[in-house]
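So the structure is just underneath, and the comments pick up after that.
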Amino acid sequence: MTELHCSVLVVGGGPGGYSAAIRAGQLGLDAVLVEAATLGGTCLNVGCIPSKALLHVADAYAAANAREATPFGLTVTSAQLDFTQTTSWIASVVDRLDAGVAHLLAGAHVRHIHGWARCVDGKTVVVETHADGAGKPLTITTEHLVLATGSRPVELPALPFGGRVIPSDAMFALDDVPERLVVVGGGYIGIELGTAFAKLGAAVTVVEATARILPGFDDELVRPLSRALTRSGVEVLTATAVQGLSADGTIVVAQRTDGSTVELRADTVLVTVGRLPATEEWGLEELDLERSGPFVWIDGQCRTSMAGVYAIGDLSGEPMLAHRAIAQGRLVAEVIAGRRRGWDNVCVPAVVFTDPEIVSVGLDPTTARASGTEIVVGRFPFSASGRALATDATDGFVRVVARADDHVLLGIQGVGTAISELSAAFALALEMGARLEDVAGTIHAHPTRSEAFPEAVAAALGTGLHLTTP
Amino acid sequence: MLVIPEPAWRPGDHADFSRDDFPSPGETRRPALADPPEAMRDLATGLVRVLDDEGQAVGPWDPALEPSTLVAGLRHMLLVRELDRRMLTAQRQGKASFYMQSLGEEAVACGFRAAQRPGDMNFPTYRQQGLLVAAGYPIELMMAQVYSNELDPLHGRQMPVMYSAREFGFFSVSGNLATQYVQAVGWAMAAAIKGDDAVAAAWIGDGATAESDFHAAMVFASTYTPPVVLNIVNNQWAISTYQAVARGRASTFAMRAHGFGLPSLRVDGNDYLAVRAAAHWAVERARLGFGPSVVEWVTYRAGAHSSSDDPSGYRPKDEAAAWPLGDPIERLRVHLSGTGVWSDADHAAMVDEVEEQVRVAQVDAEAHGTLHGGPTPSPKDIFEGVYQEMPSHLRRQRQQAGY
Amino acid sequence: MAPHSFRMPDVGEGVAEAELVEWFVVVGQLVELDEPIAEVLTDKASIELPSPVSGRVLRLMYAAGDKVLVGAELLQFEVEDTTSPAVAVTPEQLPVAPTPAPAPPPAAPAPAHEPGRGPLASPSVRRRALEAGIDLQRVRGSGPAGRIEHSDLDAYLRQPPRTPAAGLRPPDTRVDEVPVLGIRRVIAERMSLAKSHIPHITYVEEVDVTELERLRAVLNDSHAASHSRLTLLPFIVRAIVGAISEHPEVNARFEDDAGVVRRYGGVHVGIATQTPRGLLVPVLRHAETADLWTLATEIKRLATAALDGDIGRDDLSDSTITVTSLGALGGLVTTPVINYPEVAVVGVNKMQVRPVWDGNAFVPRTMMNLSSAFDHRIIDGWVAARFVQRVKVFLELPATMFIEPPA
Amino acid sequence: MIEAIRDAHAVAMTRDDTVVVFGEDVGYFGGVFRCTKGLQAQFGKTRCFDAPINESGIVGAAIGMGANGLRPCVEIQFADYMYPAFDQIVSEAARLRHRSAGDFTAPLTIRMPFGGGIFGGQTHSQSPEALFTHVAGLTTVVPSNPYDAKGLLLASIEDDDPVIFLEAKRLYNGPFDGHHDRPVTPWSQHELSEVPEGHYTVPIGSAMVRRPGTAVTVLAYGTMVHVALAAAAASGVDAEVVDLRTLVPLDLDTVVASVEKTGRCVVVHEATLTSGFGAELCALVQEHAFYSLEAPIERVTGYDTPYPHAQEWVYFPGPDRIASAFARVLGA
């Protein structure tokens, strides 16, 4: 068949796209989803999921292969890693989740079309279908069009992708752990993958053009991570700009701000200098939508400037995170179904899965002060946490920011082992509009790392027990 | 008492043209290209004719063309007639909103085209599709325009038959009558200013000569004498108004030229050879710088005005058959078979071949959609091409429209 | 072999219907593409309809002579091959008529929720507010730090919206029709009668009732046990009676149809009283005979009777002058409507402490305006002013109301 | 509607023998839309006759006839072809009474089929009313149903000043409400199709509330009246649909009274948006009912582009676009 009509057409099958399609199906809308590659988009196939799986393997390997003896008397002679098995295990995780998404789509009666979509106008898309191989392009007309094309890695002119220079997507297809890995760009993707491969035995050097890695997070949060990186042998060169590859392509040439150059031998060069919304090759220019910088402009209901056309996920702006895309996907389906909905969240948690991990929810102290509110800040180091000590992982701390007058929490940040799981408590507190007294009034199980949260709050209230106030 | 002219017969009467004494073939003389208008005034009431009743080519205007070119001409006319027939049927089947045939007057356009060169420009009305067919314009594209489908070069913006094809010397057709006539003179004036040897051809129906733009064109042509041929296709009917209402007391439309000091010919539009000869004469005259000339092509609109009209409401059913100057295709066929180079079998084969060509073309065209079915240009196209750059108020309206 | 339906095409601009003259085919007949299948007649032309497909005639929807609307299904074919080039006009294939779902109701412009900015409420409370179109800024939060709980939302929803939320309330499109009957009709008629017949002249004067209020307070204290509380009204009636004795013209009824003004000796004061069934004007007959206390009790009796609805017809008619007061709601100035066919009405505005210049300093005084209207056909402006000034003097110097003029 | 217009001609020509009808194909054939069918047979060739194809000639001659005691009612075959006659209409007919201080007048009526909905493309679908309403001295009338068509045409013919009489050709055969995918309903099934015999007039300059309502006022004329009614029915909005019937002189009181009642206003016309007659209506409403307005006035019109052919139903303002305007103006 060469023509298809539906009520909701979603372009892009990543977290945002499939969430919108599933929710639309649940709401009884006749939904179609078009995805050229595999369902799940960047996050599920070459992003969040595989990188977390890789980090898990790295942690296990590092623990089992620790050179020095542990303080608790465990020494391990040696551990072997079959990396090809690692990558195939990771692939199996990805495939199971892909299948899961496909199943969810089918369950919600969403028609999944495999092919590259190209917009003709605000209500018509042409898909060069690969699946049925018919080769004849399929024209889909719809009443509502949801654009969820996601984002793609930025390529450095000086270091075009190709050969040993690869983007983060390709890291999970390596057939072995590179001996020497140079990571260009100190963003969270670069540091995460750099940490993982360092644990897997690679010699890792991170080259960051600006003064500091993880620019989105304040110094205090990043310092414990920097220390850990140095401990694990990862070399971090800040204020150093990559010039390009040597002639034979094996050496990365970079230049410090003082003009001196540095040369880094590299078997693999991972370029993670940021991501940009995917706005090419699918006809966005045909729609001539209002833009906001490189992104497509949207209002509080994910509506673009054109009636009946919506945009969600990385295409629609910062922060480019999967859980934001998912929330928008659900929202846009409900808006199309005629419900009164709007983007109404107080915060979107940001998590960096380095070692130690970093979490930031809401405002950090400097931003809070900048908005002119009188604030109180409370900190609690994991070194004073029983559980941290008992698990020999005492790096980092939890920090709370609250309004001085009515103690309403404005922001919670933390760095430390396994702190990513605390992001749930932090986000819930902010979303519920909790005050310091609410957190202090909640009994946290002992001994857990989560106790650091009420302890930080107590510090802010000046009622701390487990910390001698300085 | 106000005189209201009436046609000689109405529905129910019997059409009888015997009283119209058309000059016989070969009787009207052929002036030299450079002859001054004053020396040619007699031709305005003559009638350039080559084919006699037996189909023999006689008289000074015989263009003595190779049989092969005549066969090509015959094929053009057959192609136009078959295209018209199929497109009217398509309209009846709801695949197009509208259609206009040039049934019975195919020779005028097909014949005239042969006298023109690439670079010349026609300013046609909606009944000169023969100019395109004879110029080799792909009939699938004409059908695409009639269907407003995805191949329509005009993106479904214009009503059917309002073609536009600059490379084929075919100016964009407008629904408004006679507007193109003075535009053709302007184009010719530009050719003269630029000094190239291109020739313009203006086209108008008998009824539309009443429009002011026709008179404006005649004044400008007379004043500046640019290289333009001013064609008047007198097919007897302007929807339900017969040609005398527009012609008034003048005995022929060709005589209009005399008031403006322009030379004019009156030609039997259904005589393919006469059309080729007269067209060549007028175009060459203009190209050689001897100025414009007016040509009245006497023919008969055998079909309805359009798919929305039924002539039985205003003229007898048998009038078409009674037209003394016959059918252009039949008369050329008789002439060709008379020269012994074109048998009935040849003709039948060509008719079948033409019908097959048009049928296949229609299948291809319809594969790309018709007005109510299949792919049509995207609604966003409405907003494009109004200006070169889309102004902001139009961009806003497009965004609100959601296409 | 899907049945292929062929609809009556739109053969000429705007033609609405056509008469089926004749079928050229019968059911079951095999038909070639473009072969004529029927002849139809519109008021403009008779037209042969060519077959859109090649196939077998399945069903003929109309008979010769029937009127067929443009767009109605004419006949059905059983089509052999599905690759028939011709695509008949089938409305389903009409280009998708643009049906932009009516723009989904724009959500309340949810404020960009920076933490700590905007009202404090949990996601579930915020969602309920959004769905009900309530702007949380308008809801008072009872929780700590002004946090809005579900209970606050419920309270907000129960009480009538104080100020119309700017464009947030769903439009109230209810229309309930109340027939104008009974008292309401009487009031409507009298009001329009007054407004149409009487050229009103309104005269507003300021009265310093500080002394009067002190007198009223003293009288109320001393007689609290024996008598119900004295309101201002008896004093005003008393002042009016006094002023009328000097300006009897205002105590009259003008039968304008008969062209006669009836001046009354007795002062029958209509007391405008708001009742659940609407405005009533019980009449205090012969006010000139009653002392202050009788005036007070009579006014109270009439008021309660009017409120309870068991007031007799005669208590409601033949007043010669009317007093109307909205009490606390008195407003600064009003333009009262004369109780037709009377010629005067005295409107009592609210009492208010205002700074008054007593010659060398501003001192706080209890002030009250009197907005009185007169029938300018009968009462000249000068007379109206004189009358009101007398009432003002009586009220400002209460004693003068109770001291008989020298014989 | 066609019969009503035909009947109006016949009644006018019977009552007043100075009434003369001419235009392209209007004589023997009775007009391409059959609006003058039978008149020539009934009243003779000098009272109803065909004209040469020259619009400035038709109007110019009519002005000459008007000055000489006749009362011409001429037809321009399509409003899209009126431009050559625009000079005669504006510089001559509209100003003759004023410039000659009443010495000469132009008691003529110019009928023009206008509007889209018939796949007429850019030269058979235009709505040029705004060009006429801008001209002092012209009256512009747009009937939306047979009853008004006859009454207003008779009033126009009897009016001693030039009247531009615009007939929505999509309404000739039936009340079209924008649902092009449904079979056409002829006038015979509509309550406004009973046209009384004999003479009656509908006063020029008076609007008619076609559907009383309280939620929003819709100002419309011609085909858009029926589309607005369909939009109200489909959307469930209690819209008050005002059929303007005469654009100039406009029945401002009815318009203002309605907007003051509902507080919201949607203006609908087929013509293009910029400088359309809707702009004038918006100006008048905000000048005279500003303090009753709860929301900005919405306009639902043709886009600022030539009238397309294939995309007729994207361009033609349909009931859905009006329903969306209701939603916006109700701020729901």
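Per-chain numbering from 1; labels A, B, C and D assigned in written order.
As a working rule, a residue touches a chain if its C-beta (ideal position, glycine included) is under 8 Å from a C-beta of that chain, and two chains touch if they have at least 3 such contacts.
All values derive from a computational prediction rather than experimental measurement.
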Contact-graph separation of chain B and chain C, given in steps at minimum: 1
Closest chain to the centre of mass proxy, which here is the mean CA position: D
Chain pair with more C-beta contacts, C-D versus B-D: B-D
Centroid spacing, where centroids are CA-atom means, of chain A and chain D in whole angstrom: 62
Averaged-CA centre spacing for the pair chain D and chain C, given as whole angstrom: 37
Chain A and chain B, separation of their C-alpha mean positions in angstrom: 69
Touching two or more other chains - residues of chain C: 10, 13, 44, 94-95, 98-100, 103, 105
Multi-partner residues of chain B (at least 2 other chains): 97-98, 308-309, 313, 376, 379, 398, 401-403
Per-residue overlap in chain A, given as positions that touch at least 2 other chains: 123, 307-308
Touch relationships between chains, expressed as pairs: A-B, A-C, B-C, B-D, C-D
Contact set on chain B toward chain D in their complex: 1-2, 4, 6, 10, 97-98, 148, 152, 155-160, 162, 174-178, 207-208, 210-213, 238-241, 245-246, 248, 308-309, 313-314, 371, 376-377, 379, 381-383, 386, 393-394, 397-398, 401, 403
Chain C residues touching chain B - in the complex, by the definition given at the top: 6-7, 9-13, 34, 44-50, 52, 85-90, 93-95, 98, 100
Parts of chain C lying in touch with chain A, wherever the complex brings them together: 96, 98-101, 103-110, 113-117, 120-123, 126-127, 130-131, 133, 144-147
Complex contacts: residues of chain C adjacent to chain D: 10, 13-17, 43-44, 69-72, 91, 94-95, 97-100, 102-103, 105, 167, 170-171, 173, 175
Parts of chain A lying in touch with chain B, wherever the complex brings them together: 3, 120-124, 139, 286, 288-290, 305-309
